[in-house]
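These are the structures in question, set out in turn.
Here come two complexes built around chain A, the first alongside chain B, the second alongside chain C.
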Partner chain A sequence: MKRLLIVLLIIGVVSVGFAADGTEQGCILEEPVAVTSAGQSPGALQFTIVAKMIKLEYTFEKLLSVETVDISQFKTLVLVVGASGKGLGAANIDIEAEILRVKSLAEAAEESGVKVVICNLEGESRRGPSSDRIVTELAPFADAYFVKADADLDGFFTSFSEEAGVPLATFEKTVDLKDVLAEYFCK
Partner chain B sequence: MKKVVLLVTLIAFAFTASFATVTAPTVASSNGMVAAVNNYAAEVGAKILEMGGNAVDAAIAVSFALGVVEPYASGLGGEGYAVITMADGSKFAIDFRSAAPMAASYESLSELGLTLSKANYTPKGACVPGVLAGIKEAWLLGATLPLADLIQPAIDLARNGFIVDETFAQTTSDKYELVLENGFDFLNEGFVWEAGSVFTNPQLAETLERIKEEGIDTFYTGSLADEIEEFMIEVGGFMRKSDLEMYGAIVREPLHGTYRGYDLYVPHPPVSGPQFIAVLNTLENYNLPAMSWDDPLAVHIIQQALVLGDVDRRAYISDPEFYDLPYEAFMSKEYAKTRFMAIDLSQAFDPASYYDYQGNAYPFADGSSYEEVLLEALESVAANESGVEESPSTTHFSIVDKDGNAVAWTQTISSFFGTSVYFKGFFFNNEMYNFASSYRDWDIINLTGGMRPRTTICPTIIQKDGKVRWVIGTPGGGRIISTMVQLAVDLIDFNMPVDQAIRTPKFVGYTTYKDLRIEEGYPQTTLDFLEKVLGHQLNVYSYPDLFFGGPNLVSVEENGLMIGAGSIRRGGSASAPEF
Partner chain C sequence: MALFLTSILFGSFFRPDVRPGYGVTDIGWLSDYFSPLRNTNMDTPVYFMDSGVDGPTFLLMGGTHAREISASTAAIVFIENVAVTRGRVIVVPFSNISAASIADETGKAPHFIPIEGRSGTRFLVYGDRRTDPLDQSIPDPEIFKHAQSDFTLDDGAESRNLNRQYPGVADGNPTQQLAYAIIQLAKTENVDFNLDMHESGTPDSYIDSKGNERSGSSLAYTLVCHPDALEIGAVAIMEIEAFHGVSMKLEESNKAFRGLSHLEIGDATGSLSFLSETPNPGQDSWRDRYDVINDPDYPLSHRAGLQLQIIRSLFGAYEMMIGETIEVENLPSYEEVMQNGIFSYLN
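Up next, the complex of A and B:
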């Protein structure tokens, strides 16, 4: 009973997020899903933990690129945004090259009819100038935004969502993303 | 409901812990002082002082508590070094550095297709932990309270939880991939711990309870040792119960040096006490008090002395149980004069030739003067470089009690999260990586079973006329001695209070770095002078940056007032009992 109550509460929180944005939709995304980082923070890897929870069919590569993968084999591309100096350093890539990589992926996805999701999984801590720049560069390709609520306190993602008329789903805790994924992928 | 209960418990614990103590980034008190990298840990120490414990009691409690609140930086799987000076004049240096398991060797790694580097984040990267053995020796030497009372605050923290701070969250995020692979149980259901969330560690609480009930020996010779062996066999580590059984902390008298009339008590090798003294001896030949902290010439002199000290460290510091090296000559005033002569006041060393400046301390071992030695013009010894890039992990705390007993204690699991191999609520260290990457005939840090690897940590107590004046120390990997020397110069030559000495922007002199890494905050004229006139290649870091360490200091003023200051680079705190 207690568990049911918690689940209902979580769904309520997520639903409020949808309703507030006026973008309540279901089953707009399909599998298989390509997941990559946009900025090399740990967010993309955390996305895969959630994806496993709902048994989403996905492929994850931190440095997925148009040179190494045919993006048209996927139905959805998830770009998990989070610029990390340490992560970029460990991957031996600078921010300019990283932006070029993810923009090329997004362009290729758009050309192939693959839906593009921009995701912020780490909240406010990934709202620095570099992370915001990545979002701004990718915004023209976005078909949906999945955003941790505290990353949108200033309406940064809301404004992109409203301008382009694409849905924005917010969630309070990282684990709550699974409800968003379940909703969008009809899992 | 469970969360509400947890929150209420947490608030109650926080209230209890702070009932008779005051905790803040900088605190003044005459009742005793604890400065540590984390407010919960500092408060635990102050509470022990408030209960009537002395500095050693408080240090033991803080050591346990830090393993709970900063499990990524130190803990039961780690090691360290402590320097203790008691009010009765007795002084102790406790070496609880970890030791290589007997089965560890270049050959055994090679047979498995591994190198030290490849083994770094695996169970094979772990050395035999020493922190509990160090605690035991400290307790036997100077504690007054039952060990059970000193463990209990850590058990409470592990069981009831505490609020995750920015450092905890950031560190977990930085090493998420590694921890996800090896230490899943540490994570928040697979996710990083976010600042503001409540972290509990029931596994560690249970392990600490066992140590409390069965005694520290359970880790080295008892049932916990059996379980460690079982685990290591299962995951493919080198460590066995026999390694734990033969391990022991080593108690010595601290090494002694002086700087402008102050007495410094520092660790023996394989820790960097001699290097710290050697650099200060070199600096003593300059009139630094006539300069200011941001004078480019002062920065140049200190940085060049640090580079020389680091070149020499690589030749003269290793495990003294395995190598007979002239580290006492290295820290002599006479040898320092030769290093003073090597520094060019108008030009920085060429980083490509750092090892050309290797000094020869051997002739000074018999007490010869620098005139005698240089006239004889002896040949120099070969330099060596392990090339290890050390992380800013580790943790240091400083304690002085109302009676004047003092403890400087630095503990670590090497890199943040150590090997990332998680066992019963703690991480095993990755100290093995501090040995030379491969066997070299001339090297003094070749991997050898039972040997303790070299490190830069340097907990230090500074006295004036027999009384404690400052207790200092810092984490920071290869930056430790740079930060330590700057702290000593800032306190002694520039008369800074401890909080200002911590805040002052730092720089590094370290042979691994071919540039001069310096924190923002120096005047542009200073930076221009260093670059354009003296020929340093600058690498300016934002301010404050954890890269430069996280010192936590205590000063004792002439009137007996103690001032504690926590690191601004890692959210440190000072805490004092109110009585």
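Up next, the complex of A and C:
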């Protein structure tokens, strides 16, 4: 169990090293970052654990909405997609209300010049009719996709990325998302 | 009724084959926490593994559903091998021992499965999902209703499913009393965190009788967490994927689905609560042939090894988030179990 701590510390030290050498110029995305779930799976929480590893400046609310936050105070909005019956039940909302919430956020972000990232962090297990519908509804607003590789075996995310001409970054393991974040945020 | 009275008179209650190692410091009974269970087939052994060094208390439960044998096997391996060096672990390997006392109603595996342990042949128990109707002693209702809420299920037999009864009812039916007793144990022993181990069907898709392709179980390879425990669970499954190559799904307790251990034990006691699911081919209704021990894709070593790894990874994640944890020796890793076989860790 010490190994996990040591590895996470090493990841943190290496990431700080990259930040010291990097510059803001050329970064694809910028902080501060608003993170929310799109479908109420715990993927968004997992995103924040990886974000902590590279010391990303973020705010996380799983039910973030345009009624409760001024999205223009952020530079990037990350929508972590994953429809979960348990999560929706825990939040006491249905899928229609959830889609409305995240779509309103994405629209507000676009109007404010805030970049929108659609993220699948849980892979194939979060591919299904509800999750795919969320992605389809949000796709017109996407500036980038961060996707676990096994969620794109059928090219679902690749096709959205290519149609819109926005980047798609894939990673094999959840923890590998840190490399994607480090690259896109110049950390 | 005659069999029930015979059981009372002669004490012919089911007793599992558990061969404790030196790490076990005391053995008690669940009835120590709720005396009405004593001298019934609902009472079950409780194993204490106390380091004597200050630290958290962890409750490990197997056999909530007695056919989900990676759970009871992992619990027995823990009891027979592990020494706790910080904190305290309490293990209930057969949480619903009445369910273990009868064969699986689906008939997909024999009740007792011979295996070769370190000291020769012994038997794994492949029981049923629910309490023996004889022990329940009352007919199943048409519809199951959770005692503390309006939550219902169409299958009245779920009134004999331990993992629908939490937080239990002191003067309820035997399965409700069993859940109540486990809650009393968690409260009395100040359990800081706990894991209820389970199995589901496999994630394999299949063709149904009408020729349609169907998805496999969405529960397989899942760690369900009480909302208060979600961050610890997230760290644990990330470690399992990063270092042991098994990807698991994280889920949060659904507050609308009442009676489940991960939600109700957490709510009733404050213990950070988890439930794990590994894939058991014996729980796939569509399979013609089953091998619950040596299935080529989902052998018991893989499933029980994963359960043991989940325990270890939860200990690590708990330390990251809380600042202290259980420390142990001789808890085999997933890789060690896969290399040596799970039976090499049974006495």
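Operating definition for what follows: the second predicted complex is superposed on the first by the 161 of 187 C-alpha atoms of A that agree within 3 Å, B and C clash if a C-alpha of one lies under 4 Å from a C-alpha of the other, contacts with A are read in each partner's own complex, and residues count from 1 in each chain.
Note that contacts are C-beta pairs under 8 Å (C-beta built on N, C-alpha and C of every residue); 3 or more make two chains touch, one makes a residue touch a chain.
Small disclaimer: the values here were computed from a predicted structure and weren't measured.
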{"item": "Touching partner for A:V175 - first (chain B), second (chain C), both, neither", "value": "both"}
{"item": "First (chain B), second (chain C), both or neither touched by A:G89", "value": "second"}
{"item": "Touching partner for A:G123 - first (chain B), second (chain C), both, neither", "value": "both"}
{"item": "Partner chain(s) touched by A:S65 [first = chain B, second = chain C, both, neither]", "value": "neither"}
{"item": "Touched partner set for A:T158, first chain B, second chain C, both or neither", "value": "neither"}
{"item": "Which superposed partner A:S112 touches (first chain B, second chain C, both, neither)", "value": "neither"}
{"item": "Touched chain A residues, chain B compared with chain C", "value": "C"}
{"item": "Partner chain in contact with A:Q46 - chain B first, chain C second, else both or neither", "value": "both"}
{"item": "Overlapping contact positions on chain A, where the chain C interface meets the chain B interface", "value": "2, 41-42, 45-46, 49, 84, 86, 122-123, 125, 174-175"}
{"item": "Sites on chain B touched by chain A in the complex", "value": "1, 169, 173-174, 176-177, 180, 189-192, 194-195"}
{"item": "Partner chain A, residues of chain C touching it in the complex", "value": "218, 221, 224-225, 227, 230-231, 233-235, 237-239, 241-243, 247, 249-257, 312-313, 315-317, 319-320, 325, 327"}
{"item": "Interface residues, chain A side, partner chain C - complex", "value": "1-5, 7-8, 40-43, 45-46, 49-50, 84-87, 89-90, 92, 122-123, 125, 150, 173-175"}
{"item": "Chain A residues within the chain B interface of the complex", "value": "2, 41-42, 45-46, 49, 84, 86, 122-123, 125, 174-175"}
